[in-house]
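First up is the structure itself, then whatever we jot down about it.
Every chain is named by a letter (A, B, C, D and E) in the order it is written, and numbering of its residues begins at 1.
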Amino acid sequence: MQKITKEQLTEKAVSLLRDGTVTHVLGWSAGEFDYDITPAVFSDEASLRKSFVWNDFCGANFSKYLVSKTRGIEGKLLVFLKPCDTYSFNQLLTEHRFDREKVYAIGIPCEGMADIDKVKAICGDGISSVNCDGEKLLVQSIYEDAPISVSPSDVLAERCVNCKSKKHVAYDELMGEDGDVLDSARFDEVSRIEAMSPDERFLFWQNELSRCIRCNACRDACPACTCEVCVFNNPRSGVENKSPANNFEEQMFHIIRAFHVAGRCTDCGECSRVCPQNIPLHLLNRKFIKEMNECYGEYQAGETVGSKSPLTDYTLEDLEPGEVFDRGDINA
Amino acid sequence: MQVKEYKPLIVAFCCNWCSYAGADLAGNNRLNYPAEVKIIRVPCSCRVNPMFILRAFQRGADGVILCGCHPGDCHYTSGNYFTRRRMAMLFSMLDFLGIERERTRVEWVSAAEGAKFAATMTEFAEQVAALGENKRLEDLRCKK
Amino acid sequence: MNKKYLRDDIIRMSGVNPKKCMRCGKCSGTCPAYDEMEYHPHQFVSMVENGDIEPLLSSDSLYRCLTCFACAERCPRGVEPAKLIEAVRLTAIRRQGANRLTPSDIPAMLDEDIPQQALVSAFRKYTK
Amino acid sequence: MQRIGVFVCWCGSNIAGTVDVAAVADALKNEPGVVFSTDYQYMCSQAGQDLIVSSVKEYSLTGLVICSCSPRMHEVTFRKTAAAAGLNPYMVEIANIREQCSWVHKEMPIGTEKAIILGKAAVAKVNLNAPLTPGESPVTKRALVIGGGIAGIQTALDIADAGFPVDIVEKKPTIGGKMAQLDKTFPTLDCAACILTPKMVDVAQHENVRIFSYSEVTDVKGFIGNFDVTIKKNARYVNEDICTGCGDCVTKCPQKKVPNEFNLGMDNRSAIYIPFAQAVPKVATIDPAHCTMLKTGKCGVCSKVCKAKAIDYTQKDEYITEKYGAIVVATGFDPISMDKFDEFAYSQSPDVITSLEFERLTNAAGPTAGKLLRPSDGEHPQKIVFVQCVGSRCDSCSEKGKEYCSKICCMYTAKHAMLTRDKYPDTEVYVFYIDVRTPGKNFDEFYRRAVEEYGVHYIKGMVGKVTPEGKKLMVRASDLLDGKQLNIDADLVVLAAAIEPDKSARSLATMLTASMDTNDFFTEAHPKLRPVESPTAGVFLSGTCQGPKDIPETVSQAGAAAAKVIGLLAKDKLKGNPCVASSDELMCNGCSSCEKVCPYGAITYEDKEFRMPDRTTRIRRVASVNPAVCQGCGCCTVACPSGAMDLRGFMNEQIMAEVDAICK
Amino acid sequence: MRKCSLNSLQSVFGKIASSALLYLPVDSADGRAVFSKWDDGTPLSNALNTVRSPKDFFFPQTEDLMRFKTEGKSIEVIDVREETEDFVVFGVRACDVKSFDILDRVFLAEPRDSYYASRRDHGVIVSLACTRPSETCFCSTFGIDAASPAGDVSCWKTESEMFWQANTEKGEALIKKIEELTEECSDEAVKEQQEKTARIMKKLPLAGLNTDAFGGGKTEELFDRPEWTELSEACLGCGTCTFVCPTCQCYDIKDFNTGNGVIRYRCWDSCMYSEFTKMAHGNNRLSQKERFRQRFMHKLVYYPENNDGLFSCVGCGRCLSKCPISMNIAKVMKKLGGE
């Protein structure tokens, strides 16, 4: 259950629309089965009251939409930001990707989002509704008479299990209470893979990346991927393709994408959330974050606006590329 | 039947001001190094995009080495510092994906270090030869 | 114990890098216990660095250091000789039977002006 | 499609000895784009070049590949040849088959095979070459020198003497800088004022020099040859043009209790003041923080006594904007604050002073008229302790001092010690040192004289603590060579404080987009080969703003900087290197990644209106590279995630074509 | 109709695999069903359906068409087609079976796509009836009976048995091959299962979805509907829906220079991509709204218009569960069809 209710958010949005603070509201629109929620721009009270929704399935990171949705509107756009979204928000501001003046940002607390695949793993297919209002999720299936009660912690999305921060780093207004930056175990999985032998690592990633169908969902959902023209769409870049022809292209796409967002990725986890093939793409980005933290000092993209990422900075004493692998020996 | 000796293909990106001159000096001093090493001249090591490195592997290179001015000596003052970070991160990522870390290297070679250039190339070529053909980052379409 | 190991152990325990020393002698210039000492703070640094530790271990200088940290505070190179001396002292004390103070020594040393706490801390510092 | 000509050079037997040049020429005939391929004994000879020119005409060539020696050797030659043949000089690529092939491989088949591959790579690149034209920009023939110390004065004089107008901006009311405060100069012991003040007069009277004293630079725009600089002239409440510098106002001013900064606060001055007798410009300045008239509106004595009617209480700060072709930074240094060095009792006792204060104490124009007297009681000190390296050579994580050696302290301390012993032979002088560093002409001789002829006690060791006790200063120090601790009852302690760049340098560096090191010294374009240029084109460095220096070094660097400026201003137009970065505006995100890595500040952003593919128009922030400033390193091209930024002459496509050709 | 016990299913598979490659849905390590090649003992997945559709077998994501080689200044064209091996795809659901009708009308119409045709000729489709559809299923909207799948052979799986029914000549041949391992039987158990499934189908949340508002001739009515703006608002322009869709058939033809020659290949393309059908003059559809509209108009209006009213959606529900922002054809149909 989320601490802020849908009604509170709806009333807030309605009042801001009424008093003219904003002219549009970027929010979540209800779907067919409670979990299939679509981001939407509302501009009137009636549609807000009809379709606006806020529950445990509102995972989409809205920050990226600000790039397109703030264009060409008169007045301001209201956006609701979960703590992790606020990091993307700042990072996009750092990169001048939208006009801050066009946005009225409300920070809302987040108790973590549910992963429908995890729900289905417990309750099976055939879900007709999910009620998120109580302590437990009540899942109604067409195959069962009574709803199945599921504990939210059992179906928490992977990125929320390892939530890095409940603190909002940007907002005009905060609803509810702000949280803290958390001590997450988000690098554990990266460490686990690092501990494998090179052959095991290769097999692991071959297995994962070979499933890639280059649907570009990871890229298109990524708040760091806001390029006007992506190199993978640009025939002159030398890497353009519409489908991966073989495993080289599968690897290359993900290496280059991870490199391009390195130092800019806020670790929001959208890439893995949207991957239809369940490839743990966030691990590539986390690998970069972990490496940069260890080699160049802790850095959280989007923590502040205007900060310099580790790859656009340097010190005279940086490790040599060859030394990066020897760090273990130095520390030991 | 005589088995053809395996010769690795090595692409060396050399910065114009230090390492390319170092390679020239190796030539001036007639210091031998393997012919499998082919040099591409770039203005600065920081010009080398990770895409070039992947491209080389795709096209059949077995090893890629970047040479630049020693830290502090960059003709453009700071280029090699960026190279150092970028390549440290890229190589670490390749390693994470299980691609042999011995196939990539960054080396600082000054214009006076012809001997170092030749020795580095010889040693790197041996190291790559020991690994054998690049199989993990190859594009089969580009094989003959 | 081998010399190299002893040296490395002391350096590790102290967290001091004696290589940073530039031999300015400010530590010894500032040391209030200088005259009491056979080996002076700057000598501790260079002797540890050179692995010349046995003479230090058997010297009374170890117990003359007041641990006032003036040397550490004023060292321009951040070497912190006091920590090094402390590590050598700890090494001496850790050696079996090398306790500097035993409970039976205390009565003779008692002085009305010495606060109890000083005794306790001296006991902590000079015994295993 | 290009029409490429391939020319394979034998270089006598240098190449032909291990490379079958005919086979190379033959193999490259079939490469895409190649319409002509040949070999010749010496391509760089006149006959070889003529062959190229005639082939260009005969085969209508659009691009050339020369397989020869290193491009570092003859690239320029062949570019000129191309130009002579009517081609764009940048349509030439060199395949280095000598230094990187024939000279390092011994067997003909191996050498030949590699030469063919190198040739193919060059052909692949030329296929994608585009004609490049260096950009041209005009040069404003006026230089700006920021800082009016000896560095700035010398630079300005040298530039002015070459016939170019120069402006000096000095933030103090007078030029002269630190040197004006010095007494004598090492190692010749000539009087600083005697050699400096004539230069100050020279520069003031030079027809090509304008001096903006009591002024600061507040904004810098533009680039090499074309800077727009805003200078703020602080209100001095005295009309500079009318003031005669007679000093009547100074004498009559009732507010006389203002600490005199020229004497480092060791005496007082009046609220209206002329810093020192030889000040340039010699005009009075009202210190608004202390002037009763300006603070309360009541007084006006100076205005009454001024015969020239130069006083103007209503004067306002004035901003002027001027165009310059070159900027020289000469912002100088300051001794660091001694606040953090409690052990030397600097803030506890007036008799612990810095070396610069000692200079004023011994200067005839100083607070004691040149008599060495203790600040506390005016008595003559019998025992003086000099402490070297105070705040220099500290650990990098030390918050107190600096990591570097301040370079000048060893010598001026020797000078102070020697002069003291010379003037007051009854005084005992101790110098505590870590190392005595005397690498300069006649420097070590000077130091030895202090020890041998003047009997200065040089003690290897450091002072640990200074404790004021009554009229004495108890100095506790170590004597490392004798292995003892010393306790000296000194009358005066002189600290050789480390020097640091002037505080104003940091903000100035930001304005100039000139880079600084971690100590806030300006970085030079190359530490060895371009020591007086900053990495930002058109910005030059003079004096201690670049690193600690003594006067002769400062003056020589000042001259060198002037020479570079003269070289720049002598040109009517600047021709750039055409191999510069350029951004494809349609792909640029305006994300600033490129800007953050550019060492030259060549990248700026502008909001531009674009017609987008979806038929809408949009204002977008896009990067633009100033080709006059860009030096073509290409760092930005990799920082750019969208690939909008590319480097002419070394385009992504060109380098990848080379990779492809090599890996074929 | 014939049947075999589930215990003997592996030997039936073994028999089939003895003369053709056999593919079937298999549970992968991360718990999703994937079509994989059968090897001795590979168990059949119990999942409702695979993430990727079986269209991959006939229309793979990338496919080399030919090669060019240059020698000196001459150019040689090399046909790289190899004879397709016979193969059997087992466990295709009713919706996916229907998708082949839709693909056939595109690829087998003149000019015939010989690459696709060759695979169709060599492939046998064995369908498997659904018993436990998901909330995202809406095949009935398009007149598909999940309990009576078509295909060369149809199969029904009960608690303990697998029922087989040949529908085509190819199917007859397959059944013949496994004759010894199966026995003739009545269709009673199958009928029972079909009735049960039919009852479930009526309970599905999308059971009421209908195509009344769509079909050939509706272009003018639907093209400028204002709802497109709202529907496409959140679309990221990724290709997920297209690439998991069993009926999407757009592709691009590209050349790849290997350094030793050129490979001309085709690969899936998505009408959702901004570079789709980009030509010298630029893009055909410039905004995401236009691209979004194209996809659904094609499925619901243009395709039926040219194909006797056949819609090019089979209601498999993959796009419903995979779209990153949960926008899909069901929502589009509801919105434009007046909910």
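To be clear about the criterion, a contact is a pair of C-beta atoms (placed from the backbone, for glycine too) under 8 Å apart; a residue touches a chain by one contact, two chains touch by 3 or more.
Given the structure is predicted, the values throughout are model-derived calculations rather than measurements.
Identify the chains in contact with subunit B as well as subunit E, in label order.
A, D
In how few steps can one go from subunit A to subunit C if every step must land on a touching chain?
Minimum step count, subunit A to subunit C: 2.
Specify the chain most distant from subunit B by Cα centroid.
Of all chains, C has its centre farthest from that of subunit B.
Taking each chain's centre as the mean of its CA atoms, which one is farthest from the centre of subunit E?
With centres defined by C-alpha atoms, farthest from subunit E sits C.
When I count C-beta pairs in contact, which pair ends up with more: D-E or A-E?
A-E
Rounded to the nearest whole Å, what is the centre-to-centre distance of subunit C and subunit D, using the mean of the C-alpha atoms as each centre?
47
Could you tell me the distance, in whole angstrom, between the mean C-alpha positions of subunit B and subunit C?
Centres of subunit B and subunit C (C-alpha means) sit 52 Å apart.
Between subunit B and subunit D, what's the gap in Å when you average each chain's C-alpha atoms?
Measuring from centre to centre gives 35 Å for this pair.
Taking each chain's centre as the mean position of its Cα atoms, how many Å separate subunit A from subunit D?
The computed centroid separation for subunit A versus subunit D comes out at 46 Å.
Where in subunit D do residues touch two or more of the other chains?
Residues 597, 639, 652, 656, 660, 663-664 of subunit D each touch two or more of the other chains.
Two or more other chains touching the same residue: where does that happen in subunit E?
Touching at least two other chains: 256, 259-260, 274.
Could you check subunit B for residues that touch two or more other chains and list them?
50-51, 55, 59-60, 72, 78, 82, 86, 139, 141-142
Pairwise, which chains touch?
A-B, A-D, A-E, B-D, B-E, C-D, D-E
What residues on subunit B touch subunit D, complex-wise?
Listed in rising order, the residues of subunit B that touch subunit D are 9, 11, 16, 20-21, 23-28, 30-33, 35, 38-44, 46-52, 55-56, 59-61, 72-73, 75-79, 82, 86, 118, 142.
Residues of subunit D touching subunit C in their complex?
Its residues touching subunit C are 343, 389, 391, 393-395, 397-398, 400-401, 432, 434, 460-465, 476-480, 483, 485-486.
In the complex, go through subunit E and note every residue touching subunit B.
Of all residues in subunit E, those touching subunit B are 256, 258-260, 263.
For subunit D, which residues are in contact with subunit A within the complex?
It comes out as residues 518, 586-593, 596-597, 605, 616, 618, 620-621, 639, 641-644, 652-653, 656.
Across the complex, what residues on subunit A touch subunit D?
Residue list for subunit A touching subunit D: 71-72, 94-97, 226-231, 234, 236-238, 260-261, 264, 308-309, 311-313, 316.
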